[in-house]
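Structures are listed in the sections that come next.
Presented sequentially are two complexes of subunit A, the first with subunit B as partner and the second with subunit C.
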Partner chain A sequence: MNKLVKLFITSISAITLALVSFTSSFAKVEGDYIVLGSAISLTGKYSSNGVHTQNGYNMAVDRINKMGGVEVQGKKYKFEIIYYDDESNPKRAAQLAERLIKQDGVHYMLGPYSSGLTKAIAPVTEKYKIPMVEANGASRSLFTKGYKYLFAVLSPANQYLEVAIDLAVEKNGGKGVKIAQAFEQDAFSQDVRLGILDAAKRTGSEIIIDDKLPKELNDMAATLAKVKATKPDVLVVSGHTKGALTAIRQISEMKVDVPMLAMTHCDAAKLSKQHGKKSEYALCASQWHKNLSYKDKFFGSGKKYAKDFQKEFGYDPPYQSAESSAALLVFKDAFERANSFDRDAVRDALVDTEMQTFYGNIKFGPGGQNVAKPMILFQVRCKGDDCENRVVAPTKWASDKFYHPIPKWSERS
Partner chain B sequence: MLMVQASLDGILLGILFALIAYGMALQWGVMNIINIAQGDLVILGGYIAYTMYLVGIHPAWGVIVSPIIMYFVGVLLYKLVINKVVDRDLFISILATFGIAIVFQQLMNFIFGADVVVAQSEYGTTMLFDNSVTLPNSKIFSAFISVLYAVALVIYMKKSRLGRAIRATAQNARAAKILGVDTEKVYAATFGINAALCGIAGALISITLTLHPYVGLPYTVRSFMIVIVAGLGNLPAVALSGMGLGLFEEFADYILGTEFRIGAVFMLLVFILVYRRFKLSKKREYLK
Partner chain C sequence: MGNIKQKDLILYSGLIILGLAAPYLFSAFKVQLTYLCVLIVLAMTWNLQGGEMGYNTFGNILFYGLGMYLTASVQVGMFFPLAEWTESGGEKTFVHTTAQYFQGIGVGLLVSAIIPAIVAGAIGYAILGLRGHYFAICTLGLGIAAGEIAGGIEIIGAGQGFTTPPFPAEIVDTEARGKFFYFLSFALLIGTFVFVKYIYGSRFKLILNAIRDNEDKAEAMGIQTMKYKITGWMCSAFFCGLAGGIMGGLIGYIDSTDVAFDGREMGVFMVLMAILGGKGTLWGPVIGATLFHFFKEGLWTLILGWQYVALGVLIVVIVIYFPEGLMGWLREKYPERFGEVIDEKDRKAQVELK
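And then the complex of A and B:
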């Protein structure tokens, strides 16, 4: 009996080993397919944005494959992506990145969702010298570590709300303004804060409230009471979707009057839908909006992308999907310019990327961040109970005029 | 004025936390179980109210519907898991309820999605002192409901048969059993009542704060703290310590800054525990 068990175990291990060596032979390119790998949050707390990311990737893969694929050394290849669910857990994401590289033999990676998970994966891809194009990790610290194989199509977090401060100063006749700010204590929001500190210094503005919100906190009443007492010119809030929803709920309930309110994550929080008119006049930072006039030959314009996406997945694309689609366009472009599957050649081609996609211009800075695309600001505007996001800055793409100052609560119906 | 605002905010929030803590104190006292899933029961209760809001019923009705559903969820949980850990080591109950917490989080994530959601009560705002102090009516409503349910529960515990049985079991389960109390039933009811209290609190949170499948833990920790400070089986103390902690938190926010708000509360907890130990060590019956 014992022998039988041993034999069983040995044969199982032999089969596993054979399978492993078989899968590694898949490597980077298999037949007509270029295989990319991605660990992505399909369950856990980032699952909704994880799915937006995956939809964006899939949409681009379909489109590129349909339109002829990628041409390398005269041969046409198609993209294929191996996904694993990282359960929104950084440790799991790092393990899965190892698995993708070592067991599945993936040589090119697409990023996960969120800065935290990208931070967990980047050291792994760096160790194995695997080029990774990521679309959902904006934290500044990703771009200051000297990573050579990390490329981000999005603008870094510190740029998110700088534009808002510039706008406030402009409205104040070029003079510095009084800023009240509340940021959650996490890598991303603190990066946004650093951007505001820079902007304040540059414009001679004064920061009168600088609150750091604990992660588990879902009550900002104390901060808002301080805002009421000190009457700043701008209130800046960043704390992911929870922060955005809490802020609007409590600002409207406590009737806090500020001339300008700038936030992040409004569209992810579906602010205009969940809070309706209460969210009107809020300014929100965004990586992308469908009304921008960028173009490419795969998706046409932002509006066309939004229409096709809506048809395919049944909802309006959030910017997380758009930037994820753009990551695939970047890879295609790099493969064709490198004209090779050599990892370092592809990496060098990525460094030289300079292109326009429907999502925006893409050119990588020395740290790997996209330096060619400005952040945009939109403002929530309502007609009756129907609220939508309209682009107000930068002026080049603004579809609407920036409404300033926000009317007092006593004057709002 | 700022201080008035801070005090009122703190007290209103504290009352809500006290309600959750009361449920915890009840089942801790009766069954000697520390329920790590307490906060997740709260959030589940909140999602019940949120679902009502989605189908067009005012979420405030959740304070009636949610406890009814949550009572049965609690009883079911007891029959499935808790009854196996009641007489065991405290550590085992912590592990078991920790497991329940994870299962609940994933289930809620699966059913309701990972987005942060809010239900709108449209209750408006009460303004005092020429608009310098503002109180959301939803918070006043939630404090009022919390007090109402707490008082009702105290009366029920004093007067009803089941209430007396629960108190008897808490004092001495074996003696109660000998005298004919069906302790199994009492345990199930206690856990159900605790879940129902969580359901009420959850419904109130859906209209005053925000809901997300993974934000249960802070509520567990908060109620745990309130119970530690107040001691078991002492409702007025739970209510007071709930409000006291709420107040302390708001003032810590103003004086030390928001980033130290939660840290300050934990510091206070450490002081209270050390102080208690100090006091206990002066008593003769304390042997360690």
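And then the complex of A and C:
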């Protein structure tokens, strides 16, 4: 038995040694390539958004590489990304971040999908002083921790639906409204909830239902039954893609009448395609919309980006993809301004970022969040059976007027 | 007899030296090695129930998660108001000094060992009367329920999760954190191994085996089975709690269902590892956990998106081809190495009979 154990241990050591020699051959900059690392959710509950994120990254890598790449000290470099699957699990994500940095020698990171996973990875990148540009971790608490190497191209989660409450109050003649809300138990959705709590306090609104939805949610009938009974002015739901799909499915099945329905992740869920007319009038928070008038030289306008993305991946880009593409534009810009591969030089260049991309203006606040870009709201509107997301706020980009209140189900065809 | 002891001594000192040298030899793999230690601990403690006592529990993840939350809560709560630390997803930042950090984690780990053990005693008293698959299903519920409950408790961060205190910034060495957690988990591994080995040489193990083989007969022989079942579970909970506490500090972020009460992964892994190595043996879980970890780290990234399919196939293969685990398979193939003597004549006679 002891012989066997010894044999076993010897073979394990041999494998480990082999692994060591294998993996350390990677480096931050290899030949003509700048290697970035990212743990992304390819499986698990965030898999659809993880893929949106990955597509966004890949699209930008291709485009930047095709258009000449990144010029540092007179030499052209191309981007390359090492991906791992974090299985939508924070524990795995933190471990993979460590692996990317220590074993694959990655010196620059791209963010994962979701606030929870970003929260798990940020301490790791911070410890090793690895600049991370992330595009999908919106939780406000990420930006109050004093992280020096974390940069987010998106607006914090608490801003997502605050505007919706303001709109409702405005429609109510400036008086406070009755709010019913249901949020998934995860870092992002709970942060959206904090934003609503703030807005309710500010506007003197009352929260009459405050429910928590489980992760992996596929049923919120209990909340909707309460909504039917108490008749709030606004129903707010947030729970990533599944939350949006579940809400629309059950609201239409149960014929819940509510004057205003505010949600997140409508475009990631392809709501207007999946549920068509049932999703009409839903008000959605978004980081980006293709009709906005921002421009850059790589992707052109938002509309052009949407068209190219559609051609490449076969669906309309949700904002998760757009912001992920923007993260690479930020990295390229920072590398060129730093004109060096020194991590601290790149980090300092990132701090000074001030640029316009097709996705919006980007300038980082002291906590690392993007302070130059407002959130937008769009509403699903249908012509016949053809449904589309139309921007309704802020007024600068609004293509349509905000439709309020939502007609009762009995009056909808 | 003395000869074997000497052999053991060489083996153990070799392993300890390897363990102590590992973070220096494979510096880049410290975190994976830490995971390995914790996985072995979980597999070994699961084996006490599933392997020795014959009670297939899915509930050990409860103690692991409990230990995780307890360590982090104590570490924060000793020096700062816990409610403010976790409020709004942990927006406020308090900074532990080096001394506070280590004092906190020390006391936290102590608590995370004792309380899960007490909880195991209480729950065990209530449910260890169940047998077979009733017990398995019941414990499966424990982990799920705990995850949902923890996700609703504001003071430990609820759905937004709990960011554990960052490693003291005064320690400049970026490797220090990795080493600290590795040696902590390695110490736990040694502690667990010594304890389990001690149990293997005791009457206690025989009683557990008696319960596994025929609980009614064991009772008829005057063994108070309930007492021993509860004690066994409390021992497991003690070490699972510690393992959880260490992992919480290492991961740095505790999520109720994905990190702490992670029955879908850790909860299943600990069972799988013990079965892969061979349940009911001392070395089985160690070997199973090691192989599993290597399989996972080595192959999973090569088959992006298909890992869980591969895992499913692995489970099927293990159950069909190695129902007794690797140790059981080896024992059948090379019985003489396990000190079993086969009577050749008798074996031949039996073959001829067939």
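Note that the second predicted complex is superposed on the first by the 382 of 413 C-alpha atoms of A that agree within 3 Å, B and C clash if a C-alpha of one lies under 4 Å from a C-alpha of the other, contacts with A are read in each partner's own complex, and residues count from 1 in each chain.
The rule is short, and it goes like this: a residue touches a chain if its C-beta (ideal position, glycine included) is under 8 Å from a C-beta of that chain, and two chains touch if they have at least 3 such contacts.
Not measured: the values here are computed from a predicted model.
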Touching A:Arg249 in the superposition: subunit B (first), subunit C (second), both, neither? first
I'd like to know which partner A:Asp211 touches here: subunit B for first, subunit C for second, both or neither. first
With both complexes overlaid on chain A, does A:Thr43 touch subunit B (first), subunit C (second), both or neither? both
Determine, under the contact definition given at the top, whether A:Ala222 touches first (subunit B), second (subunit C), both, or neither. first
For A:Gln274, is the partner it touches subunit B (first), subunit C (second), both, or none of the two (neither)? first
Which partner, subunit B or subunit C, touches the larger number of subunit A residues? C
Which of subunit B and subunit C A:Met67 touches, first, second, both or neither: neither
Doubly contacted subunit A residues - partners subunit C and subunit B: 43, 185, 212, 214
With touch defined as at the start, can you tell me which subunit B residues reach subunit A in the complex? 1-2, 5-6, 9, 13, 106, 109-110, 113-118, 120, 125, 127, 131-132, 134, 136, 138-139, 209-210, 212-215, 217-218, 250, 253-254, 257-259, 261-262
Which subunit C residues qualify as touching subunit A in the complex? 7-8, 11, 14-15, 18, 26-32, 35, 88-93, 148, 151-152, 158-161, 163, 166-167, 174, 177, 247, 251-253, 255-259, 262, 265, 283, 287, 290, 294, 298, 300-301, 304-305, 307-308, 330, 334, 337-339
What does subunit A use to touch subunit C in their complex? 1-6, 8-9, 12-13, 15-16, 19-20, 23-24, 42-43, 83-85, 87-91, 94-95, 98-99, 102-103, 116, 119-120, 123-124, 126-129, 139-141, 144-146, 183-187, 189-191, 194, 212, 214-215
Name, in rising order, each residue of subunit A that touches subunit B in their complex. 43-49, 182, 185, 211-214, 216-219, 221-223, 225-226, 228-229, 240-242, 245-246, 249-250, 253-255, 269-270, 274-276
